[in-house]
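What follows is a pair of complexes built around chain A, which joins chain B in one and chain C in the other.
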Partner chain A sequence: MSYITNLKCKECGQEYPVAPLHVCETCFGPLEVGYDYAKIRAAISREKIESRPRNLWRYRELLPVDGEAEAGPHSGFTPLVHCKRLGAELGMKHLYVKDDTVNHPTLSYKDRVVSVAITKAREFGFTTVSCASTGNLATAVAAHAARAGLKCFIFMPEGVEAGKIVGSTIYGAQVITIRGNYDDVNRLCSEIADKYGWAFVNINLRPYYTEGAKTFGFEVAEQLGWKLPDHIVVPTAGGTILPKVAKAFKELKEVGLVKGPEFKIYSAQAAGSAPVIHALHKGVDLITPVKPDTIAKSIAIGNPADGYYVLRAVRESGGWGDSATDPEIIEAIKLLARTEGIFAEPAGGTTLAVALKLIKQGRIKPDETTVVSITGNGYKTLEAVAGAIERPFVIDARLGEFDALFERLGDGKRAAASA
Partner chain B sequence: MAVRVRVPTPLRRFTGGEGEVPAEGSSIRQVIEDLEKRHAGIRERLLDDKGEIRRFVNIYLNGDDVRFLDSLNSKVKDGDDISIVPAIAGGV
Partner chain C sequence: MERIHERYYLSYPRALIKEPILYHLVKKFDLIFNIRGASVSEEMGLVAVEFEGTRDQIERAIVWLRSSGVTVEPIEKNVIE
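Moving on, here comes the complex of A and B:
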């Protein structure tokens, strides 16, 4: 049962049939999936959703597929962690982390969008799937393609973290690295998509793929007890997830699953790749591309295709945004790890670092419900923080040496007193 | 200056299905004007009503986004490689 009505250009409104198309032939604007919300409203309820398995397909009426899920049967429904220790440090009572570091099976938010894209690729009859990716997306496409039995080609820029290359090749995907940055990879892949007729999840399947990002927002609302947060901070690279989280919140209201006050949404970028934040702070619509330079490689996109829609969603909601420097990103990764036991990749460090700024600026108040979106796992980017953590002490295997060391560390007295 | 221009699928109905077409000009703007002469209708797909490159259109000159060069005034040499590519998303 499908609730999709058509594809529609976000710029000029031209309508298209449901097909593997991604840009408007008239103005090159991106295409967006349209739904019959009245029909969805009649078909869906909180109880019905809650009775379903704990994965992203529990919101299937609001996803752009016709039949059964062909990918991601265990993806999504990641924890919404109430951060009591981190909150106490920041004076925040209702601070949450939406923790996609543990998304199944590849430990990032990309498992959501790829589950939807691969399902759609099968519906359209594709046999080869592909993507242009800085890493997390590549890993997700490779893993989901393997499980779905599809051939897979992955294109990434040279210089991404080594683990991410291994993390795609291991699934049997053919990995090709491109001399150049992410924008160069994107350009080449658009040309390959045209010529070879493959399903590029973030090119010709983009309208469907991006819809998967809404599940991040659906889950946040459900996990808050079918309420929207006062504030949600979301990272921005190409600009996919932020507008889709905003869309998810609006859809939940539209179909009657959520009532009550509005949310504010905030964009977080790394200072070394912050074209959207520059435009936001200058109060302009035009996003001037930059050459990215940051440790946060998964969000190092200098020419964000959907950046304009990030600006629009942020402004519409009354939210804001900021950027974080590499040292701020590393500090935030360490802070989250040491207070909540969650190890985020640099994109997550960026989001938390920006949340800290917004709290300091008084834009987010201590008693307001705030969600920090953590979209990827730090175990994949150990290189980014390896130089910034304490080295271990080396001692001989003698108790006396440990006693002396423990004394030196200054914790000796406390330990003896509590013994 | 004679150049080759790679054209994405959505624009190929203007080029008789061709994915790569010849054009002439000494700047990107002139190349677009020349394309318009050869394939009427293509200019308004690339440029907005103010004559600027549309928000979702990227034009690459020898692999570099012309927005990083001199935009429509970027100089073009004989044999240069020009690609027209719709903006696409990646990352988060």
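Moving on, here comes the complex of A and C:
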């Protein structure tokens, strides 16, 4: 059963039927899925949700699908890790990481949005799905399409690393690399989506696709014992996830699953690609595009489609945002790995680095519940940190060599004393 | 020649805000355009516009806009994620 009422323009409010549409014909504003919250409130309960399998579909009443999930039966419900060692270093008692490094099956938060988009593509009767991507989205679309038995075309700008291409072709997707700059690739993909009538997950299915990001927020609240965090720090690339996490928290209140105090939401961007943070800090609404230059490739979007809605969600919540330089991002990746055993991609390093700044700035206080959103896995971006880690010692295969090294490292005396 | 409709966001940097870019566009390329939204700040201008013309006219207009310093993007902006 579906609880969707319509699609509605976020700008002028014009209503549209539930169809593969994404922009308002009148003002070109983005379309958003509307729900009958009164009906959902009557149909949903904490107990009902808790009785369901641990995947993102446990919140199905608040997702834009009509029937059974066609994708992502194991996606979502990733761990919310209470970071005691990291928290102790930072003087934070209630610091958590929402860990989408282990999202199934492609190890990033994109498994959420793509699960919903592919399910909706099947409901609309599409047989081919597509996207333009340089990394996590491509992998997720290719994997979920394979399992759903859909044809898949992936477009990439020419010059992406060979590994990224392998990450999609392995699932049987047809990968096409396009000569030209990012503006050209964007334009071509919009034209292809228009002409070929495929399900482009982040173009004509965008209203449904983005709704999948709410599950990140639903899970955080459930895992905190049906409470909202005081603060949540979220990375910003195209601007999908942050406004949807804010929407998720509001919906949980709307349908009576959560009560209590409000949350503050914070945007994190890499300093080399921080158009939203620039606008936030200047107090303006218009986002001036930038040319990205950062190791955090998965969030290097110079002109985010939903950047304005990130600003709006941050400001409405009383939150803030900041950016992190590449060295700060690498240090944060290492810090999270060293203290909590979680290896994040640079987007996660960015979020943690920004969280550290917000704590230093006094915006986040030591006893407040704070969630840092880690949206992708470091094993996919080893090259980003490879130059910044300690190199291994090399010894010959003789015990004496190791004894000498152990002594030199300063651990030998401690080992002997404790023996 | 078949006439098509295409939808774009045009971003003007500060230096171009006072230039009558769309006027030049009509004069040079004989395009029909329809503005659907616009915002201007101290730093930049943003116009949501629909062009009507032949593919060739629109292609040449976009090349000219870009060479004039205007950023031309589909209304979906960045779709590469």
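The criterion applied here is as follows: the second predicted complex is superposed on the first by the 408 of 419 C-alpha atoms of A that agree within 3 Å, B and C clash if a C-alpha of one lies under 4 Å from a C-alpha of the other, contacts with A are read in each partner's own complex, and residues count from 1 in each chain.
We take it that a residue touches a chain if its C-beta (ideal position, glycine included) is under 8 Å from a C-beta of that chain, and two chains touch if they have at least 3 such contacts.
As the structure is a computational prediction, the values presented were derived from the model and not from experiment.
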| item | value |
| --- | --- |
| First (chain B), second (chain C), both or neither touched by A:A347 | first |
| Which of chain B and chain C A:S190 touches, first, second, both or neither | both |
| First (chain B), second (chain C), both or neither touched by A:G238 | both |
| Which superposed partner A:I301 touches (first chain B, second chain C, both, neither) | both |
| Touched partner set for A:V284, first chain B, second chain C, both or neither | second |
| Which of chain B and chain C A:T210 touches, first, second, both or neither | first |
| Touching partner for A:T375 - first (chain B), second (chain C), both, neither | first |
| Partner chain(s) touched by A:P157 [first = chain B, second = chain C, both, neither] | second |
| First (chain B), second (chain C), both or neither touched by A:V23 | both |
| Chain touching more of chain A, residue-wise (chain B, chain C) | B |
| Set intersection of chain A contacts, chain C complex versus chain B complex | 11, 22-23, 26-29, 131-134, 137, 182-183, 185-187, 189-191, 202-203, 206, 237-238, 240, 288-289, 301, 303-305 |
| Of all residues in chain B, those that touch chain A in their complex | 6, 8-10, 13, 19, 45, 54-58, 60, 63, 65, 67-68, 83, 85-92 |
| Residues on chain A engaged by chain C in the complex (per definition of touch) | 11, 22-23, 26-29, 110, 131-134, 136-137, 157, 182-183, 185-187, 189-191, 200, 202-203, 206, 237-238, 240, 284-286, 288-289, 301-305 |
| Contact footprint of chain A on chain C as seen in their complex | 6-7, 11, 36-37, 39, 41, 43-44, 46, 48, 66, 71-81 |
| Interfacial residue positions of chain A with respect to chain B in the complex | 11, 22-30, 109, 131-134, 137, 180, 182-187, 189-191, 194-195, 202-203, 206, 210, 234-241, 288-289, 291, 298-301, 303-306, 308, 347, 375 |
